[in-house]
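Some structures to go through are shown next.
Below are two complexes that have chain A in common, paired first with chain B and then with chain C.
Right after this comes the complex of A and B.
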């Protein structure tokens, strides 16, 4: 199919899906909504695959956006992001059919869902500044509507305000950056911008770079612009969280990749360094907050921030190495960024879908109150286990290949680069290692404390398995995780077309993602499939050996479990999420700065005997409290001063207008 | 028509309009102010009429007739219906001056409905409702401000006049002065009716400026602008009725209570 046909089909399907949800009878609403989102996602996948195969003609619709018109074009890079977004959309659509049947989402959010998905599919297609900004803003607005789906709760409204404010500040940064770029280049189409980027003054290019990275970084959740992400993503309904965390944040990366790496780049070395530093800080900070979080969805949201940080580290490394003249390793870093992006989308959508399933079954998000979900919700537990394995970056998880590629690029850049590279790369290796380690701890906590052991609350005890639609949705995402973990070769055809379009990958031998991962020009190879085979063989061997030994054991007897003489074991004796993370919290006390309250009450008659010990520890986002609070306070103070002008008198307001007109007349003269 | 006569008539119309605007600032009685507004609208209609005769353009004469009907007749008539008459002491006002009548259709008292021909229901024996109370700015100061604004209008519109010197553009500063005076009336008057008068003065000025600076406004544009105006006046009429019911008067200062 040609480009215009695909674009028209996408637009028509979206409009039809939105209208169908609005018009559907209440009984059919969940299935219609799920089908609508799923079909839009499927169209997105088809469009993306067509874009990767190449040869789609650009689409230009003059009348749609006033003055500038709508311009769409699809290259392989856009195609990759569209396939990822569309695939997440398909999975989320199937899941929504079950999730909405519980009555968790109203008609309005369900009708916005296809629109949101279509906007996310449209952003990578945009081929001019106006189109890009238009779709970007439409995406931000529809995501805000979805975050506010349960606006009756106060936390949701707070999250909505944060989301709206940060998203729009980011939008203003992107807007100003792109407008400066377009004004300096004298054109607004991306091809024209790309052609004239090299002739811009270095100051203009750097200003555009900083503004756009700040704007796109706020969407991707880079510290310190991440504050909205761990608030908004957890408060949205499950399917929406999955869409936002697995698809929308990617578009922040897409923005950096499209505008800063492809259109503006290749830039000076400090661009790469800046991106690398921002990514490194984000990765460590995000994973640290994830490790101490007790809210399951908040943990996953911080993990999103962490993974976007890692992707930015990979992008920054690729830019730095391109600027330093080590293209072969830069191509490895760029591949790492793209592979990790796809992997993250797979495991994070699965993670949020599983968390949404638990929230739907128990009404809880607090890990301290979970426990014992494995026998009650086996499918969800297995799904979350696969997601957690992916998020921890260990072999057999789908986050592993990306992180391995990233480490390879960091390690092999050493001998070739100059002093700067020699200084930065080992530090970054440390950052990535620390992130992976803490990420494993966070995921072990989420899975072990949340799903295993005994239930710690009545709600967790009453939990029951979710319906078939939700299970199928999670199963598809789990399948994608498995395939990406064992056979990253499925990404090879797409990457071989994407990499030549990017400065880091053009004109160098690319890493080959076969059954054996080979990095040409760099001595390194690895086979996730063989690794998985080895692990599976080892497990089978151990299982067989124990079975064989078991035959020679005496018959088992049932007896009371020994509890150190302390009586029967209760659920209160288990590790909770807080106690599991306590050592980590202690180690990183200086960064996390928890509010700890310890109150010891003694008996009045016997002052040496303790009646009660109250321990309360509360964790706030340090960056948020130390960086945002002063800003918010200053804005509020300025608003109070400005409010004095609003005294409520119509005459004063009219006088303002009259004075304004007279001043304008005098100035215009 | 000779050019000299055209120039004289055009300037006479613009000057008359300015004079009516100054009169609106001077008079505090609402009844005479409405009559001045009617005269102002007629003077405004004269501008396209004279231009149409001079340049032999039929559609300008049509525009002039539309303006005359709307701004010289209909809008001032609508405003006059908002001014309570003193003649009839009405029983439906309590001693405290608060309206206690039962016919709540008062605030929806749209002309053209059945009530159009019957005597004004909100007649009032308190003369304060028929004239501006102590203004925010005294009459003397208002007149001085008017003079200053007129001078300002002439000063700032000089580039416009030098751009294309013609009899019409030479009269444009007067129209700008009418706009500024309209704003002054809007800013300094308390009664809702005075606000409407100020607003209509402002819009008459804008229309006059459009007639003088361009070679004629298409009928569609003029009709569109006038219909907006009609709507605004109808809304204010409904609002005034509501204010009488809620506050017992139409002093806009009372609205300050609505401030959060």
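Right after this comes the complex of A and C.
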């Protein structure tokens, strides 16, 4: 199919899906909504595959967007992002059919869901500044509507305000950046911008770079612009948080990749360094917050921030190495970024879907109140386990291949790159290693404390397995995780077309993602399939050996669990998420700055005996409190001053209008 | 180097091993070394001090394959000291129950054997053998480390 036909099909399917949800009878609403989102996602996958295969003609519709018209074009890079978004959309669609049946989402959010998905599919297609900004803003607005699905709760409204403010500040940054770019280049189509980028003055280019990276970075959750992400993603309903965390944040990376790496780049070395530094700070800060978080979805949201940081580290490394003249290693770093992006989409959508299932079954999100879900919700437990394995970046998890490639690129860049590279790369290796280690701790906590052992609350005790639609949705995502973990070769055809389009990958031998991962030029190879085979063989061997030994073992007997002589074990003796993370919180005290209150009350007659100990520890986002609070206070103070001018008198407003007109006429004279 | 210097200065202070005891009073149940968990069922702490001496460098019971561990789950046997008080009776039963079989229970000291000095006390339930099955006994109030080790060697067979 050609480009215009696909674009028309996508638009038509989206409109039909939205209308169908609005018109569907209440009984059929969940199925219709799920099917609508699923079909839009499927169209996106088809469109993306067609784009990766190449040869789609650009689409231009002059009458659709005022003044500029709608311009769409699809290359392999757009195609990759569309396939990822579309696939997440299909999975989320199937899941939504079950999730909405619980009555967790009203008709309005369900009708916005296909539109949101279509906007995310459209952003990578945009081929001009106007189209891009239009679709970007539409995506932001629809995501805001979805975040506010449960607006009756106060936290949701707070999250909505944060989301709206941060998204639009980011939008303003992108808007100004792209407008400066377009004005300096004298055109607004992406091909024209790309052609004239090299002739711009370095100051303009750097200004555009900084503005757009800030704007896109706020969407991807880069520190310190991440504050909205761990608020909005947890408060959204399950399927929506999966879409936002697995697909929408990717588009922040897409923006950086499209505008800063492809259109503006290749740039000076400090661009790569800046991106690398932002990514490194985000990765460590995100994973640290994830490690001490007790809210399951907040933990996952911080983990999203962390993984976007890692992807930015990979992108920054690729830019730095391209600028330093080591293209072979730069291609490895770029591959790492793309592979990790796809892997993250798989495990994070699965993680949020499983968290949504738990939230639907128990009505809770607090890890301290979970526990004992494994026998009650086996499918969900298995799904979350696969997601946690992926997020911890260990072999057999789908985050492993990307992180391995990233480490390879960092290690092999050493000898050839000069002083700067020789200084930066070992530090970055340390950052990635710390991130992976803490990420594993966070995921062990989420899985072990949340799903294993005994239930810590009545809600967790009453939990029961989710319905078939939700299980199928999670199963599909788990399948994707498994395939990406064991056979990253499935990405090879797409990456072989995407890499030549990017500055880092053009004209160098690419990493070969076969059954054996080979990195030409840097001499590293690894086989996830063989690793998986080895682990499977080891597990089978251990199992067989224990079975064989068990023949000579005396017969088992039933006895009370040993509780150090203190009576029967209770759920209160278990590790909670807070206690599990306490050592980490102590180690990173200076960064996390927990708000701890400890009050010991003694008996008045016997001062050596303690009557009561009250301990309260509250963790706030340090960056948020130290950076945003002063800004918010200043804005509020400015607003109080500005309010004096708004006294409600029509005469005053007329005078303001007249004065404004006179000033405008004087300035524009 | 302070540690190594101290080791050289002190040298070997363990007493020479007495000859191996003849027959064993308790069944030899363990093939390897004997891992022991100590339970204080209501002792005056005299036996504890002597037990501490048993595993000190001077008497060094570990030479004969007996070792203290921190949980009945790790243990082959229990060393029970003192009379069984009402508050410790259930804990003692639970600890014996938590020790994997085959297991050996050794009552250390006169109190553990027949309530000794504390017989008839208001909080005393009785000797250890009233509460759980006892396999070996160490008489004495309090038994010296040599006497305790004598019985331990009978059990380990070394």
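Rule of thumb we're sticking to: the second predicted complex is superposed on the first by the 657 of 669 C-alpha atoms of A that agree within 3 Å, B and C clash if a C-alpha of one lies under 4 Å from a C-alpha of the other, contacts with A are read in each partner's own complex, and residues count from 1 in each chain.
Here is the rule we use: a residue touches a chain if its C-beta (ideal position, glycine included) is under 8 Å from a C-beta of that chain, and two chains touch if they have at least 3 such contacts.
Everything numeric here is computed off the predicted structure, so don't read it as measured data.
Enquirer: Let me test your reading of the model: by the given contact rule, A:631 touches which partner, first (chain B), second (chain C), both or neither?
Expert: neither
Enquirer: Look at A:645 in the shared chain and tell me whether it touches chain B only, chain C only, both, or neither; answer first, second, both or neither.
Expert: neither
Enquirer: Chain B or chain C: which reaches more residues on chain A?
Expert: Here the partner covering more residues of chain A is B.
Enquirer: Just checking: does A:666 make contact with chain B only, chain C only, both, or neither of them? Give me first, second, both or neither.
Expert: first
Enquirer: So in the superposed three-chain picture, is A:658 touching just chain B, just chain C, both, or none of them (first/second/both/neither)?
Expert: First partner only, chain B.
Enquirer: Please work out whether A:550 is in contact with chain B alone, chain C alone, both, or neither, and reply first, second, both or neither.
Expert: Neither chain B nor chain C is touched by A:550.
Enquirer: Do chain B and chain C touch any of the same residues on chain A, and if so, which?
Expert: In chain A, nothing is touched by chain B and also by chain C.
Enquirer: Give every residue of chain C touching chain A within the complex, in rising order.
Expert: Interface residues on chain C, with respect to chain A: 71-73, 91, 94-95, 97-98, 101.
Enquirer: What part of chain A is in contact with chain B in the complex they form?
Expert: Touching chain B from chain A are residues 646-651, 654-655, 657-658, 661-662, 665-666, 668-669.
Enquirer: Taking the complex as given, what residues does chain A use to touch chain C?
Expert: Within the complex, chain A contacts chain C at residues 554, 559-560, 562, 564-565.
Enquirer: State the interface residues of chain B toward chain A in the complex, per the touch definition above.
Expert: Contacts found on chain B: 136, 152, 155-156, 159, 180, 183-184, 186-188, 190, 195, 252-253, 255-260.
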